[in-house]
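First, the structure itself, so that you have it in front of you.
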Amino acid sequence: MISVEALRIEYGRGRRRTLAVAGVTFQVADGEFVSLIGPSGCGKTSVLLAIDGIIRPTSGRITIRGEDVRGVRRDVAFITQDAGLLPWKTVRQNAELALRLQRRPREGVQEILRSLGLGGFENRYPAELSEGMRRRVGIARALALRPEVFLMDEPMANLDTLTRERIQEIILRLWHMYRFTGVLVTHDIEEAVFLGQRIIILSPRPARVVEVIENPGMGEVGYRRSEEFYHVVVKAREILKSLEER
Amino acid sequence: MKQALHYLAAATAIFLLWALASFVLEQVKGWPVIPYPWSVAAAGIEYLPQWGSAFASSARRFFLSLLLAFATGLPLGLVVGASDRLHRWFSPLIYLLYPIPPIALLFFLYMAFGVGETVKVVTVSLTLFFQVLVAAHGAARNISPSYILAVRTAGADALQLHRHVILPAVLPEVFTAARVSVGLGITMLYIAETKLGLLGGPGSGLGVFIETYAMRTDLSLAGVVGLAFLGLLFYALLEVLERWLCRWKYVGKG
Amino acid sequence: PQPLRISLTPILGSAPVLFGVEWGFFTHEGLEVELIPLASQRDRLFAFQAGQVDAVIADVASVVMLAARGEPLVVATAYVPEDPAKQFTILVQEKYSGIASIEDLVAALGSRDFFRIALPLQSDIEYATDTALRAHGLVPDPRFYFGQDNLFIMASMVVYGMVAAAVLPEPYASFSVKFAEAEGLGLTALEDFSGVPLLPHLIVFQKRYAAEHPEDVRKFISAFGAAAERMNKESKEGLLSLGAPEVLRLFYRGQNPEEVLVHPSVVAAIEAVSVPYFPEPSLLPKEVYEAVHRWALEKGYVRFEHPYEEVVTDEYLK
Amino acid sequence: MKQALHYLAAATAIFLLWALASFVLEQVKGWPVIPYPWSVAAAGIEYLPQWGSAFASSARRFFLSLLLAFATGLPLGLVVGASDRLHRWFSPLIYLLYPIPPIALLFFLYMAFGVGETVKVVTVSLTLFFQVLVAAHGAARNISPSYILAVRTAGADALQLHRHVILPAVLPEVFTAARVSVGLGITMLYIAETKLGLLGGPGSGLGVFIETYAMRTDLSLAGVVGLAFLGLLFYALLEVLERWLCRWKYVGKG
Amino acid sequence: MISVEALRIEYGRGRRRTLAVAGVTFQVADGEFVSLIGPSGCGKTSVLLAIDGIIRPTSGRITIRGEDVRGVRRDVAFITQDAGLLPWKTVRQNAELALRLQRRPREGVQEILRSLGLGGFENRYPAELSEGMRRRVGIARALALRPEVFLMDEPMANLDTLTRERIQEIILRLWHMYRFTGVLVTHDIEEAVFLGQRIIILSPRPARVVEVIENPGMGEVGYRRSEEFYHVVVKAREILKSLEER
């Protein structure tokens, strides 16, 4: 279980001090998938980086399975907005990177690549791939760690509708297979609804939890075209709109 | 392939322009101020053993200097550039020291490195060192944060960060800097060979070759052409090296 | 044992070292001598100060400046020209400059902004020229001079008219005049160094080297003296046929003796050079040292006074 | 403000290290090999009129060279870099000529420009010219196509394209190149001032100053410090100029 | 009226030849707003650039109001994906740029900026604006030309849901006000449906017209939340999906 308690994050010092996150509390149960949505610049990425142990909270407490987070954990994987592929490494090298950095055996990467439809591209460089393939390599890299926790920071940004939906479905499928604990940060309302069992809505900076929408239908077959999906989207949109007008 | 053709065309153009200039000046001044390219070639061939040995010495010297400059300037630049704190404190130092020409401190160079071969190599590489340092430093400051985040979230330590991200990311810019340095380095090489340390014979370097035969314009121009060749050689070398080390930059562009 | 590293200047004072090596006077004394060719006077002095050579053949001005920094040890006079007025020569290109006498030169320096005399700065030549100009009522100004410490380049410059005037020592002066004449280029020699003391060429040792190897220093000086004595006995032709290629090899590397030394203008010019008498090594006279030292202080080339006694010693003469 | 502080700190560090080196060497060697910074300062002050005039001459010379190099190299680089066709044909020419050190051609430069002031300025600016050319050329090739599309869809002609897009877009990179050139240019300035011979007395340039007082280390080091100052002065100038001309780069970052 | 007839566009020569557009024909009536959607890289931008006269078709014919297109026309405005603002020009200079390049009087720009909610930001540089504001500056620049024809190449790309919808609404409002002829290229299905009276679907490269969906409800109040909107989106999605599977 991930537990975030009264998380507060400040950047800079003195006159340059910026309060990014002002007391955010939420829990994610083991095997649960939640999405985090909020206006741009509100502090979403900061929350995620704190959970990953990359930045140290100013105050508050974050635990994963009861242990305090101190630095990057081996059982947590992070996917960034643009997949963060290194252009000077081939697909395979990129997919193996996390394992290599943690000095873990690199087996199984080949299979993960194949299962994501990247078979045959192992020795290509990122520049030779389409955007959608690149995101999949990023997912393969994370998956190679066989993580218990998946943190995703806008992994579908800047993709066209169809590619976006295809990657969303891949993530959903993987979640069904591995039942990892997932936290998805996004600014796309439909995406948040499609991939969140709960949708946590954050306020403009400094981030606070404004509302948590339960979304029990998530993961059902054909959910994207259901009435329920549509209603949750409308509800989330209303809340976000009202936030901006405040 | 096509590029080679363009280089050939350019070389031909230079050749023709040179011949034209020689001709015009000869007509105007009444004496062959600039020797014709073919007489320069003939003079070079006549003195081929000396010219060849001068070329080889200069090339070795230059290669050593370049190597030395990169071996020291690159890591230092990366480390200083990649850390905000080091950057703040060290970059003013770099910029304060950068404009001081090493040959102005000749006496101290002699004291530290003697009057032999070392001092020449050191002088050239000192100049190049700053070029590499400044370039590596600038490049390291411009690395996309998304690459850094990618390896940090995967649990990379500082060494791994340098190895997997910073070094490969700056390589293209460092190669550009190296190309720029070739021109400067050749100038410094010339100065080092003619202005400092043990005097050698014309076979001991293209600079000495040029100065020794200063009164024989055809021969001394053959030396100048040698310098241009030397520069070009290193250019080509760097090009090949870049295409190999940074091959990821050249994929997916046809 | 380490050879004695000595850097030579292409001036007459170096001749006994060259011939001494050639005739084996140094090896006879059991002394190995390594000749270190360096590009310029400045380089030689830097290398000496930096401890990269053990000895140099230099002029008085150099010794004064070295004294100010590294406490060198001036041992002995190497060579003294016979006639103070003829130790240096002012060469002018009459055709380009319209200067035919020392008075013309003084007038030109005073009135023409661009007119300059080429000479090696921080040298006996600059000292002598300053003194000569002062004798003609002109206050020396650094802007009068074009500093070039490669005597050969300077000679070429004045011969080919790249500068209008230059001051050269022997044998460069005689050589240039004859060479220019043979090439059909006019070059006039003006001599007016009558008020200038005789400026000897000197053998200078590192103080530390002398302290550590006093015997080697004595051997060197005695072999040097022996070589000078033999030179005085040799015919000019004999000296030239042996010395000229050696000089080329050492100072003008890459010039092929078989090509250069048969060139008619060069042959004619070498003819004109007279071989002087080389006296026994002796002490640098105190007045000369002090006169040049005073001048160097005034010019700002040295900062503090260094007494003659601290610099010059007769300890190693015999 | 804060940057100035860091420069001050760096200067202090250099000062202290220098003093330390002087002290250590004096103890080891037994004589003042490197004069103390304060005696250098004292010597500089004692010879202030000469030092000042040397500094001013060098600064003027350097400024002229920089100006000349930019006035010629910048437009040429932009035009060649911005057009694919010109690029293909001219860049090999540039790269062939670039490694030839202008001082190797000094003899011809003297013939063309005499031995006075002109040849020095020309030598320095020739070197800088290629630096600027290569930088402007590279920068012009890297302009984001979206800017070009933006003005082309608005109906811009070639001149307007250069004026509104290419020139402003390359300015930051050109400023970077200029900063690198300062270091290189000062080295070249020194060489140009001393290589041929010392002309015009110690007040006629820092290079002449340094060589004239070569045997007085305190004074000649004062000249070297002058060169460092000169570099710094031009850095500061470029910094101010860039902050003004490229002020859009500095907004929105606090 | 814009008329595109048998438009064919090739890039490169010899072995490098790429056929981008292979015979596209469609018309846009005066005052009509159509959207063009298709898989990424299919040739959408090429079609738009040809209409603007920036690239010359290999064959085929394009006319605007009966005149052949030869070069950029004064009555046609083009908005690019990232608004193409020049970072070294202030908001006002950017908005005035097109007028200035065409040497036309620059009046009215101030008012357009104000009507787009950019009053008070005239002297700011693009780097000081939010992404949404930047897009509005791009729109202001186009609007300043008082064009008859508006060509838009993914003007809402890379924006978060709410900002994207807000800009869509601004464009719709402007269309209601000025009744320009509009062509919108997009890869977002909902956007295509929200802003297209007709939705022209292109095939993967080389582009051909696969289907034209009539969308008469476009522009009605609350259209985004209507049943009809939803059905058109589903239909378009089906067609695009089937295209990719072929």
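Just so it is clear, A, B, C, D and E label the chains in written order, and each chain counts residues from 1 on its own.
Just so it is clear, contacts are C-beta pairs under 8 Å (C-beta built on N, C-alpha and C of every residue); 3 or more make two chains touch, one makes a residue touch a chain.
What you see is a predicted model; the values in this text were computed from it and never measured.
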**Report entry** Assembly fragments, subunit E aside and the remaining chains unmoved
**Finding:** one piece
Query raised in the report: Could you state the distance in Å from the CA-based centre of subunit C to that of subunit D?
Result: 38
Query raised in the report: Just curious, how far off is subunit E from subunit C if you go by their C-alpha centres, in Å?
Result: 84
**Report entry** subunit A and subunit D: spacing of chain centres that average the CA atoms, whole Å
**Finding:** 49
Query raised in the report: Considering subunit B alone, which of its residues make contact with at least two other chains?
Result: 107-108, 111, 195
Report task. Would you pick out the residues of subunit E that each touch at least 2 other chains? Result -> none
Query raised in the report: In subunit C, which residues are in touch with two or more of the other chains?
Result: 42, 46
Query raised in the report: What chain pairs are in touch here?
Result: A-B, A-E, B-C, B-D, C-D, D-E
Query - subunit C-facing residues of subunit B, complex - result: 50, 106-108, 110-111, 114-115, 194-203, 208-209, 212-213, 215
Report summary line: subunit B contacts subunit A in the complex at 146-147, 149-156, 160, 164-165, 168-169, 171, 246-249, 251-253
Query raised in the report: Any idea which subunit B residues touch subunit D in the complex?
Result: 3, 6-7, 9-11, 13-14, 33-34, 88-93, 95-105, 107-108, 111, 127, 130-131, 134-135, 138, 176, 179-180, 182-184, 186-188, 190-191, 195, 207, 210, 214, 217, 220, 223-224, 227-228, 230-232, 234-235
Report task. Could you pull out which subunit E residues touch subunit A in their complex? Result -> 39-40, 130-131, 157-158, 160-163, 187-190, 225, 230, 234, 237, 240-241, 244
Report summary line: subunit D partner, complex, touching residues on subunit C are 42, 45-46, 65-66, 68-71, 114, 116, 118, 121-122, 141-143, 145-148, 162, 300-303
